[in-house]
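Below, subunit A partners subunit B and then partners subunit C, in two separate complexes.
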Partner chain A sequence: MNNMYTFDTSTLWAALPEIFLLSAIVVVLLLDLFLTKPFKQVTYYLTQLSLLITAILAFNLIGEPKTIIFSGSFVLDNMASIFKVFMAGSTMVALVYTRHYLTEHKLFRGEYFVLVLLSMLGMMVMVSGYSLLTLYLGLEILSLSLYTLIAIARERAGAIEAALKYFVLGAIASGLLLYGMSMIYGISGSINITDIATFADNSTLASREMLILNFGLVFLVIGIAFKLGAVPFHMWVPDVYQGAPTSVTMFLSTVPKIAAVAMLVRILVDGMGAMHDYWSDLFMVMALLSIALGSVVALMQTNIKRMLAYSTISHIGFILLGFVTGVVEGYGAAVFYVLVYILMSMAAFGMIILLNKQGFEADKISDFKGLSKHSPWFALMMLAIMLSMAGVPPFIGFYAKLFILQQVISAGFITIAVIAVVFAVISSYYYLQVVKSMYFEDSDNEITITAPMDMKLILSINAVLILVVGLFPDFWMKLSISIF
Partner chain B sequence: MDNSLLSLLIWLPIFAGIFVIFIGNERANTARWISVATSILVFIISLSLYTEFDSNTHLMQFEEKTSWISQFNIYYHLGVDGISMPLIILTTFSTILVIIAGWEVIQTRPAHYMAAFLIMEGLIIGVFSSLDAILFYAFWEASLIPMLLIIGVWGGDNRVYAAIKFFLYTFLGSVFMLVSLIYMYNKGGSFSILAMHDLSLTATEQAWIFWAFFMAFAVKVPMFPVHTWLPDAHVQAPTGGSVILAAIMLKMGGYGFFRFSLPITPDASYEFSEVVIILSLIAIVYIGFVALVQRDMKKLIAYSSISHMGFVTLGVFALFLAYKPGAAEAALLGLEGAMVQMISHGFISAAMFLVVGVLYDRLHSREISTYGGVINSMPKFTGFAVLFAMANAGLPGTSGFVGEFMVILGAVQANIWYGVLAGSTLIVGAAYTLWMVKRVFWGAITNPDVETLSDINAREFSILAVLAIAVLAMGLYPQPVIDVMHVTIEHLLNQALTSKL
Partner chain C sequence: MSSEQIIFYILSFWFIASSLAMIFARNAAKAVLFLVLGFFSAASIWILLEAEFLAITLILVYVGAVMVLFLFVIKMLNIDKSTMRAKFAEYLPLGLIVALIIIAEMILVLGSAQFGLEVMPSPARHGADYSNITVLAMQLYTTYVYPFELAAVILLIAIIAAITLVHKKETTHKKQNVSEQVNVRAKDRVRLVSIVSPTKEEK
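Take a look at the complex of A and B:
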């Protein structure tokens, strides 16, 4: 074990994507200072290029054997690499949509892109973190960037309110997480996930040690649930989603969920796997509450961002159900669900951004009225997105739910599965409200789409994927299981 | 894959539908011609299912099997037997009618209208030919989407309510089916429907699975008391939507009982058969009386649909009581009667809704009181309408008689009172249908608008004529249809009577 605690430069390759991204951030930040107004787009392209290279670097590391470096606090395994590729890819897509939003709302600034890159770095650290400290570090890099991103629309009172709310509640969550970490450290004597796993997987633990371990565990679970937005720690989600500029909402509702799930896997599955019985009960309660509340409260929303916030909460409930099962396939189902959720959520927010024009936020469900007449193609795409979220086949959202339900039933929780599907039916009502607006109603205002070609193209691909991956989900299901 | 006939039948209309969407509403005529050509082509192809069908075996024919989602052992597995084959031909047949019927009538977004029906045709054929439960479920749910849009976009004044009610009702019913399918997968390791037929299940498991299936299929049929979405959906849907809904989508529920409930949960089906029979009888008798008091023609036909579909479920579940060891004829008669009734109802309800559609296109009213004395201005049309009304009332010589008679024969063997109650439909059914005919077509003209009605044009004439031929052919010589399904039904009877305990 001793060689784990040495620093060896020859192992740095394992962190190559992170190292590259950090350097790229510095370059983009400095370069942006010297760019005059007509050349501001360079920042955008440079950002995309950095993300692309990061993705390629991470992709090349797929298949490497599990490597733990930096004194046991940083891990490279397939899960880390695959997640990094997905995060970089979805961030690139998000930035395509973002550019249109920023241009229309006169928010186009170099810092925006630097902050996105920084939060990306934070997420990568979270995904690869293998000690409590690294994980926490990654989480804070991510969170601080997100707080600032929300506040970037500084003239909007709603955005400032959202940023503050997110900051205060996020700080409490971080505090709880740290508190739990300190307890775990106190009793196990280590912050490394491997050591904690060895400690927890010991049947001869004294009841006093078990008690403290359990206390620490509860705080960790609360901290993670906070970041995921699971009920009863969901209060920030609707307000932040609604208040933040839509491009930021899109970003924070999608990519960071991968990182949060990765942190969950590192701490609870890798570190506390032996205590699954203890945390799975907590997860079960949170999952059911999330599904129920997310499905029911969303029914009354007229703001589509707020509706999607509650819909996210209910999706998170399904993801948590995957972890309740305690088997590799169940975790795989959860990861598959996360990836599917990101695909759908990205497209849904992309559609909202698509309808944005010059200082006009298309964030009401009624803003979609008559879309099928003015733009049948994008109405069809939105139909696919909404029905996919509702879990109607042949769209991908159905297979995500199928995978979770199969695992839940296989674990013997048939009642839970029945409750979950009943709420899924209830939730389909609000997705149908959007369909209703687009297809069954007509608006007096002409809907004009001012988005550039690249955004339309990427958004179309994104939405078509919801159907295509739905027809051929096998590869992605296998991939999701293979990372465990 | 040496035989991809079924895949062709599923995907040809779907891709043609997508193509028609891209043609767009601006080039409506091109879209119409392509749609009608596709639907006729699909119908012709589907006829080869009949001509090449081997009616001496209960085994699946035209099978196709390719791995689809290997993670769950899910296959793209298609095949038909004597139960599903006639329903597929019914589907391809009805689609031609609705596409021609919507030719001039649909002026808003005509291309999308045609595309929706083509895509739905492919999906419904998928439902009838899937032999993998998840594939079946995917088609089953997906077919809701075009129907939702058809009702919601081209429907009447209260269409939004009707469309969403339709979707939520059927969606809620089917998720329980999904849970039980997954349960059986976890138990048997396969989503194959045929493997589920052989899966041994305890009495408790069967009971739960039976009711889960029942929720899905009873809503679709629809059975009393979960029928309330149907009148709303029918009244609000455009004529074509009503036709497909009544002629085909309701049959998906009946098909579910044949394909899933009886073979997978035989013991539970036996145990709960009386409950289902009583619900069916309520549908036949009570809903018949409800139909009597309707003022809206479409609503009247919708309720009459529920009442007629009651015969399907009655025929299916009466078999357990009608069966006497050594004398399977009565039980067989009930089952075959249920199948014949499904097909016959497909023709008659389609015809009845088209008849109402013809009137609605002219005066934009579905109220019975608007009309009166239509025969004076539309003699040809009235001839057809009265024929279909007679068929709806179960007149011997029309298809409506055959199925109901067979089911009643089976029901009498089960319990004389079932037969008596079911037989009462011949009176009630005749009452509501003929009374409507009297008020709409006969008598003196009371509304001056009726005087100005023009008789049916060649397009409408040909649609109604084709249906009239179908109704009479089924009524006078149903033997070919019965021959096709006979061996399959016998096999099904065996499955239903073989205990899994």
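Take a look at the complex of A and C:
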């Protein structure tokens, strides 16, 4: 009876990044209360410092053997550690852009940074979650912080609308996910991913057990697709991207995608890997629909945030294609695509924020008119970002698409690869539209760039990385495969 | 059929009936009351499962606190029903089709062939000295300590979110500065003016 209840403190080191981050959150939250107006920047620097230390702690854990602690609900492996480092790093970059946006729009509040840290904690819990319960709790921590972040601009009607839409649809998605989890638990008798994997891998499963597993699986796939924003569960994406303050859009369109993919890997690849034949069909349909709809509907957008939302949907389609293949190289290509997508999307939203000034949202494509004359450097950066998103070599976006398509073709789905390429070509039209308005049109109103030096520097590095990483993509691809 | 099964079916019937009544109730306050009835039935089913602590928590927390708060909010808000129902007929056909398909599928999958007593026997009964709360507490603070802490983080977010979204920095009322009031001295407030009273001769 006694050994039924175990709590081993000697293994807590595996969760050190999470433990540190939670402590840092509490410190930042409390300290922010006592800071008077001229010292508010301290909150920002402390947030960056906490993220940096979290990243270092997570980096030190890379290479540790797979460790499962907290009675099977937490896993430390290379995937978790590498994802944590990437998430902390990209959140830090996002915060550099965010600070400029918040000061220009008078939204600078300590709570903003605390909520970003909390969503970071939720994402870390998700990538390390090894039971259905912890995965769900991590997802809720992430979602609740994001809802609040969107609504933080509470005097904007659009932001409140976006927050409510996201909240209601997110709650429905969580409900579906939980329902699926309850079915899986009901039939397998466990919420631990390891136990579920052994159960699903059993070849002597009765047909009734298969039926329930499948039933639960469908709900899990729907819940995950909702969070990723894959068609036909994409309805919230454009409205939320457009309505939310740009700094929040940038954050929620980038870093949480790593966590969502990690959740997908944990539940579907680690847990239900034996049922790949069942879920890959669902994924194939969703992937093709996402690529098609994302590429076609984006053609008609005039709002660049909305356009990027549809472009996200089509990128998600490519990521899902990587999981259709069912081989480790395919999963690796999908992870590589996510990381590349984050690099590009972060830079694209950074450019939008760069053009923001005192209460003015530069979120129309026409706001980019004549940028090449005013600031040739940043116009060049935007050119690189857009070409990379469209998948033009030698930029990194090309290799991301190439690796996915290679795996799709070697898995034998040639028709699907052809369809994906056709839509990728169609989608390049709207990316080039931005380039056209930057280089060949005159600006209607004055462009002024008020961004501080650190933001300009980080944004330039971010955009240059798109080219530099594209010159030697093999290293990153090998890294992405190595985590499986 | 054992007496336990009969009780289970009665409670389940009330659970489903009150849930349906809650959805179809035209009056929001009535809907809340039906939800309360639903919670009671669910709690009773938990008692049948020997999960006393959960049952009591459901009633104390959800019925006692959350639903009462709901009632207050509903009574205070002036909900315009006509705008809520405006799009109802428009979406009804599609919604109905989707709902029917899902219900049909669920009936096919979740029938007694999958979850009946023959394939999933009811758990063994515990003796009178068995304490549900002790076992739950032991589990929560050992096996499930990590999810338990995460749930605490969610509560922290709820607090931060509520205050962030509702709190207004600009105060619209004037308040007293107590320390200033206490430290005030007579010479700050009262000015003594010496007035020479007129004499008889001047009159």
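Following the convention adopted for this analysis, the second predicted complex is superposed on the first by the 478 of 484 C-alpha atoms of A that agree within 3 Å, B and C clash if a C-alpha of one lies under 4 Å from a C-alpha of the other, contacts with A are read in each partner's own complex, and residues count from 1 in each chain.
Note that a residue touches a chain if its C-beta (ideal position, glycine included) is under 8 Å from a C-beta of that chain, and two chains touch if they have at least 3 such contacts.
Note that this is a predicted model, so its numbers are computed, not measured.
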{"item": "First (subunit B), second (subunit C), both or neither touched by A:394", "value": "first"}
{"item": "First (subunit B), second (subunit C), both or neither touched by A:37", "value": "neither"}
{"item": "Contacts of A:477 with subunit B and subunit C, given as first, second, both or neither", "value": "first"}
{"item": "Subunit B versus subunit C as contact partner of A:140, first or second or both or neither", "value": "second"}
{"item": "Which superposed partner A:409 touches (first subunit B, second subunit C, both, neither)", "value": "first"}
{"item": "Touching partner for A:151 - first (subunit B), second (subunit C), both, neither", "value": "second"}
{"item": "Which superposed partner A:429 touches (first subunit B, second subunit C, both, neither)", "value": "first"}
{"item": "Complex contact set, residues of subunit B against subunit A", "value": "21, 24, 68-72, 112, 134, 137-138, 141-142, 144-145, 148-149, 152-153, 159-160, 163-164, 167-168, 171-172, 175-176, 178-179, 182-183, 185-186"}
{"item": "Residue ranges of subunit C touching subunit A (in the complex, touch as defined)", "value": "109-110, 113-115, 119, 138-139, 141-147, 150-151, 153-154, 156-158, 160-161, 163-165"}
{"item": "Subunit A residues within the subunit B interface of the complex", "value": "372, 376, 380, 383, 387, 392-394, 398-399, 402-403, 405-406, 409-410, 414, 417-418, 421-422, 424-425, 428-429, 432, 435-436, 439-441, 473-474, 477-478, 481"}
{"item": "Complex contacts: residues of subunit A adjacent to subunit C", "value": "5-7, 15, 22, 29, 70-71, 73-74, 109, 111, 114-115, 118, 121, 125, 131, 133-134, 137-138, 140-141, 144-145, 147-148, 151-152, 154, 186, 208, 211-212, 215"}
